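The following block contains the structure, expressed as structure tokens.
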Amino acid sequence: MDNNKNQYAAIEAILFAAGDAVTLDQLSTALETDKEEVKQLVFELQKKYEEEDRGIRVVDFDNGERYQLCTKTEYYEELIKLVNVPKSHSLTDVLLETLSIVAYKQPVTRVEIEKIRGVSSAHAVNKLVEYNLITEVGRLDAPGHPILFGTTDDFLRCFGISSMDDLPDIDPAKMADFRKEAEEEAGVINVEV
Amino acid sequence: MDNNKNQYAAIEAILFAAGDAVTLDQLSTALETDKEEVKQLVFELQKKYEEEDRGIRVVDFDNGERYQLCTKTEYYEELIKLVNVPKSHSLTDVLLETLSIVAYKQPVTRVEIEKIRGVSSAHAVNKLVEYNLITEVGRLDAPGHPILFGTTDDFLRCFGISSMDDLPDIDPAKMADFRKEAEEEAGVINVEV
Amino acid sequence: MARTELDIKLNDFEGPLDLLLHLIDKNKFNIFDIPIVEITDQYMAYIDAMETEDMDLMSDFLVMAAELIAIKSKMLLPKEEEVKEEEEEDPRAELVKALLEYKVYKYASYELKDMEIDASKSFYGKEAIPKEVKNYEEPVDPAEVVGDVTLAKLQEVFRALMRRETDRVDQVRSKFGTITRDEIKIEDRMIEIRNDIKGLKSINFKTLLGRHHGKINIIVSFMAVLELMKTGFITVRQDEIFGDIVIDSLE
């Protein structure tokens, strides 16, 4: 039997059965194959799923640290006719705003979030924790040891990204864009930001 | 795009997302395709899953009234490696005590073991049976016909002896010695029992 | 400003920064050169018209109002020498920085919203571990379990157990209550022994036991003998260690 094929099938079986994300370590242990090879196998499997016009695909999180199966978005139409769409918590603007701060600034404390938003954010933070989109990732080494928040795997799934690298750019370049925009509008340059 | 291929993908996506069994009616509705055709499609899909050395397959219930995805049994081994965290097994003091009683007093019932140990020993006995160090060797001819336990061949192998004759003597004479010893220590005078 | 223009609840804004960005946008102000007097006036008008029962939110808006007023007064202060002015920081700098940073995350949150809509079209599966796998128990290698436990160790454990078992029985001595529930009581046995040996010169303890077999009986008999000795009905002799115990009646 083609050994590689079996490995693909084994990965598919594992990912299917697990339901949740499976770590590269777990796959490597289950397949008794070293991690680099597993990574390569999954990569090829991902391509197979693409090519063969399959209904599912393999998503990877954190650059191949964790893998999970999910349906292709193309079949959403068929799915909603049948599968009870788990009414995903509607993320209000407040929650999205708070979430974007956590996503880009993590690990971040509630106080830092509030400083950026200019408004108390306890409720929003609690809701996001409740939705398992953010979670405590540690404590700040400061008086009171405030909780540091970071995003979860559910965050990645919810926004269809595989790692924080896939977040839309809002780095200094984006900031500069905003400034340029504003400057162009007014033709003034005078504040150091 | 090949229409059939898309239908296969749609079925795969639906079955994957549903998790549970999906009825032919539901599939027919979701695909907007009549039932006979859907049946044929699923049949072909089943064959694809077989042929392509895939890790999952479509099982059907009630002659194609309901369908569900499941892992191929060939890959159970990998799943077991994924799910089962290898536990380290060793003889705890409790197990050791229980084993020594079975070794030297066999055949012996659980009640007798408990009488000697002074505590209930069901868990320890079960564990030793699970480890195949002791096993049922018969039934006591008494009310309830309690199980008599004795040591196994694995026991002999593990302790590097070839038969129970190789056990350090704890024959009745020896047992009496033990008791005597114990009684002496306890300050009880030497009494013939 | 007409009341109708303000007919937006403050709850419609995420916070004071959101409101300020709205005002800047609406008035087409330059964010780097905000006309502080004007924006403060408009801001205050919103606050006055504010309908919110959320005191937390209200206080956040009020804090910003105070800040705006502080900036305004700083800017209205008479300027010192020309040279100094260039080095002096614009009182609005902090606010602008905050507004820009906030705007960045607000922008990002819109992007996230779009991404969420797309991502929600993918479905994840449920755990589907077959029962056989779930219930599977790894067969344990007995050799691994035994490890380096030797036969000698096993024997040692057994010896210790036997010793402990005797100890446990001996402890009964301190728990007469539990014995009295048995057929024989020490008191009864004392009477029996007194009757048995009455008129006899002496009797061997083993003979005395007679039909009284069993550990408990031996112990109870022995305790009874000790008791009778204490109360002066008998004396007890033992010529050598582990030798026979001979009981002499004093009655």
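Labels for the chains are A, B and C, by order of writing; each one numbers its residues from 1.
Following the convention adopted for this analysis, a residue touches a chain if its C-beta (ideal position, glycine included) is under 8 Å from a C-beta of that chain, and two chains touch if they have at least 3 such contacts.
Owing to the predicted nature of the structure, the values given are computational and were not obtained by experimental measurement.
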(message) Report the chain ID whose CA centroid sits closest to the centroid of the full protein CA set.
(response) C
(message) Please identify the chain with the largest separation between its CA centroid and the CA centroid of chain A.
(response) B
(request) Could you tell me the distance, in whole angstrom, between the mean C-alpha positions of chain A and chain B? (result) 38
(message) Based only on mean CA positions, could you tell me how far chain A sits from chain C in angstrom?
(response) 30
(request) Identify all positions of chain B at which a residue touches two or more other chains, and write them in rising order. (result) 13, 16-17, 69, 71, 79
(message) Two-or-more-chain contact residues of chain C, please, as numbers and ranges.
(response) 123-126, 128-130, 133
(message) For the complex, give me every residue of chain A touching chain B.
(response) 1-2, 5-6, 8-14, 16-18, 22, 26-27, 29-32, 53-56, 69, 71-72, 74-75, 78-79, 81-83
(message) Considering only the defined contacts, which chain C positions touch chain B in the complex?
(response) 123-126, 128-130, 132-134, 136-138, 140, 142-147, 149-155, 157-159, 161-168, 170, 205-206, 209, 213-215, 218-219, 222, 238, 242, 245
(message) List the residues on chain B that touch chain C in their complex, please.
(response) 13, 16-17, 19, 69-71, 73, 76, 79-80, 83-84, 86-87, 89-91, 93, 96-97, 99-101, 103-104, 116-118, 130-133, 152, 154-155, 157-161, 166-168, 170, 175, 178-179, 181-183, 185-193
(request) Write out the stretch or stretches of chain C touching chain A in their complex. (result) 14-18, 28, 30-33, 56-57, 60, 64, 90, 92-93, 96-98, 100-113, 115-116, 118-130, 133
